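Across the two complexes that follow, chain A remains constant while its partner is chain B and subsequently chain C.
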Partner chain A sequence: MNFDWSVVWRNADALVEGTKLTILLAVTTMAIAIPGGIVLALMRLSGVRALSAASASFVELFRNLPLILVIYTAYYVMPVATGLSLPPIITGIVALALNVSAYNSETFRAGIASIRQGQSDAAFALGMSRWQATYEIVLPQAVRRVLPVLASTWVSLFKDTSLVSVISVGELAFTSMRIRSQTFRVLEMLTAMALIYWMLGYPQAKFVDWLNRRFGISE
Partner chain B sequence: MELDFSPVLDSAQFLLHGLELTLALSALSMLCSLAAGGAIGLARCYGPQWLRWPLVFYIDSMRSIPVFVVLVWTYFALPIVTGVVLPPFWAALVALSAHIAAYVAEIVRAGVSSIRPGQTRAAFALGMSRAQTIREIVLPQALVRMLPAFGSILSITIKDTAIAAVIAVPEYMNRSQTVAGQSFHPIEIFMVAMVVYFLILFPVTRIVDMVYVRLAHLGRS
Partner chain C sequence: MNTSETERHAHPRKGAGAPPVVLYRDVRKRFGDFIALSGVSMDVRKGEVVCLIGPSGSGKSTLLRCTNGLELIDDGEIELDGTLLPRDWEGMRRVRQRMGMVFQNFELFPHKTALGNVAIGPMTVLRMTRDDSVTRARALLDKVGLADKADNYPSQLSGGQQQRVAIARALAMEPEIMLFDEPTSALDPETVGEVLNVMKRLAEEGMTMIVVTHEMTFARRVGDWVVVMERGAVIEQGPPEQIFDAPRVDRTREFLSHLGWSG
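For the complex of A and B:
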């Protein structure tokens, strides 16, 4: 066995570009999925039957499908449905956003539902307006409960962006796999890919643990 | 848009074999993850001090690497290191188990540490040994509390087996791709795949929740 690790340095620029795209994918998806999740959660809690059922079906559907299947389906369905030939990165973001919005919606719903009715009742009793009760009593408490869950979803999303490589979005996984097949330095490139994900993901996982200790609710 | 589902029916046998493999890979991965993750989690809680940091390092590393990366590394790179070439199915089983075991270990740790120390102290006060306390007092309560989390792990495992399609495990996702490529009806094939996965995954979460509601009182202390 002889290994040639220089292949990693020679392709460092491509790997950096891939890493940037991975981060961009995660940031863009989250930027869509947070408002998306809020809208879905509000629909679910609206009390309007049709809205609530539509939101529940959407959430249950996307929470119960493998993401890789959603990505492939989006890849084939979106050009037919929209009549446009969309670049794979758009398809990838749509698939990721559908998935993460469903998870975020459940996070927000649970966060709001976890604040007891008594909290807003007490605020009203103190003479607060509805607006004051929501913004000064309910939301600050809900945010503390939502934040750690949102952070875990972010870490999952960051890892899940690797799946859009199957529709040739040139992010970190795709770039590493491409260099691997061009240079035949399989072990070197795949190990480099794993290490880059590890370097980016490890601090995130540790940060989420810290958030959970800091804000988490214990019995 | 005209939908034509005949390619699905034409390849029904082929797809069903894929579905069998999906279920087999899910079941085996779940069993191996539970065994390995249970051992890692318990060793982290009760094992010798020197063993703890390598276990924590393993758990946190697996939690920070995408399962896709673990799968392709196990299939393409591991044979170069070990000299042993695993067929795709077994490579997928090893990779999925190694990955999911880390999550199981975290659940075991959280479950065990959620049992109040008073329980252990009471057991010691009654003259129980350490092993007896763990086996008869802590674990029975902790297991019930871990149940919902194991339910989500089962559903995650089934979803992750679809990623094994990228290393050519001929499971349902992979076979759907094959049929989609041959029949020129990818939309119908993938729509059917969505229905199939949903019909497997939706009841899993529901059944686990139902079982938990029945058993939740046993985990209270």
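For the complex of A and C:
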């Protein structure tokens, strides 16, 4: 078997563009899914039955469906159902954000529940409103506590962005596959793709380890 | 209550002439089947230090938590400066701004420095500027003897220091009355004194204080009025001389003897 690694260099520009898009997908998704997760968690813990039920339904739906199914559904069903025809990249971000928000919601819920009642009591005793107690006292502590979990969700998300290639979003996986089918250099392109994902992912995983050491054991 | 009336002549109440700041009228509170308060009536006069003593589970802490609405009462009335306390959460929020509370486990905010802990109340609740809040916080830390610990996080402070920060945090709201819920129970013995000294100084400045405590020496020396509770009810109240030297109720005598207090 002879290899032609030059196919990688010849398509370097496309791969760089794909990588940029992968990073953009992950960053945008997380930027939506962190506030999304917090809102869902606060709804769940609000004590208002309708809000709590809505949040629980959302979370249990999207946490238990395969991501690829959500992506396909968003791509094929959403335009028909809503009359809204979005570009594939937006559709991909919507699908990813739905999934990751559901996961983040559970993460934040656990974090908030781990802050003892006495902390809220102390905030209330100062005259803070429920919102002030949540925003100033409970959430900052909860976020710190779940930072390592959020970081590993991030690492998963970074790799899961490859799934949106099925709806032709030109991110790293899609670009690699396209080059592969044009050049028939299967092994070269798979290797290149693996290396790029790994080189981007490994430092992130190490960073998570560091976060775990730094924040994992608190107080 | 008759006890205190008859005893008034022997040991006059310090705040006898002062108006009641807090007045409890037949206050009742239950948690499920457990009756925490079974009709408590008493009052706290302006500038008085009222100490609540009694065995664990007698309702002392519950009464304190009902006073600032962390628990809402089921029945009865509580008045603050002659005005009935509201029964709703939002109404109580405004009332709480006029009362400071100090907890057994300090409950300092671990993500904020000592200074941040003291400044957060004025900044968020009173909407003071950051500069003004910090200035006030520094003055209060100085008052409790911790000016040099302003930038330390709670985890870097001893229990006694944390509790003094907690007192400063409560004072930052410039409360009319301070509530202390067993403020020294979670402390190492060697740091109890520094907290009690801060409380004593507050009392000397004329702060109205309600103190749930097991520190009988503090109740005797600093307390102006001692209330003995058992099973959610007040069984005896009077000046410390009466409670500690000549209790009128057998159960008071029994309780004090269990503490090794021989009068």
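Just so we're on the same page, the second predicted complex is superposed on the first by the 194 of 219 C-alpha atoms of A that agree within 3 Å, B and C clash if a C-alpha of one lies under 4 Å from a C-alpha of the other, contacts with A are read in each partner's own complex, and residues count from 1 in each chain.
Convention: contacts are C-beta pairs under 8 Å (C-beta built on N, C-alpha and C of every residue); 3 or more make two chains touch, one makes a residue touch a chain.
As the structure is a prediction and not an experimental result, all values here were calculated from the model.
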After lining up the shared chain so the two structures overlap, which partner does A:Gln132 touch, if you call chain B first and chain C second: first, second, both or neither? second
Looking at A:Arg144, would you say it contacts chain B, chain C, both, or neither? Reply first, second, both or neither. second
Looking at the overlay, what does A:Asp160 touch: chain B (first), chain C (second), both, or neither? first
Looking at the overlay, what does A:Phe124 touch: chain B (first), chain C (second), both, or neither? second
Thinking of the overlay built on chain A, is A:Val27 touched by chain B (first), by chain C (second), by both, or by neither? neither
Where does A:Leu61 make contact in the superposed view: on chain B (first), on chain C (second), on both, or on neither? first
Looking at chain A, which partner touches more of its residues: chain C or chain B? B
Using the superposition described at the top, list the residues of chain A that contact chain B and also contact chain C. 219
Which residues of chain A touch chain B once you look at their complex with the stated criterion? 1, 60-61, 64-70, 72-73, 76-77, 80-81, 155, 159-163, 165-166, 173, 177, 180, 186-187, 190-191, 193-194, 197-198, 200-202, 204-206, 219
With touch defined as at the start, can you tell me which chain C residues reach chain A in the complex? 68, 70, 89, 93-94, 96-97, 99-101, 103, 105, 107-111, 120-121, 124-125, 155, 166, 169-170, 173
Report the residues of chain A in contact with chain C in the complex, numbered from low to high. 118-119, 121-130, 132, 136-137, 140-141, 144, 219
Residue ranges of chain B touching chain A (in the complex, touch as defined): 1, 60-61, 63-70, 72-73, 76-77, 80-81, 114, 155, 158-163, 165-166, 173, 176-177, 180, 186-187, 190-191, 193-194, 197-198, 201-202, 205
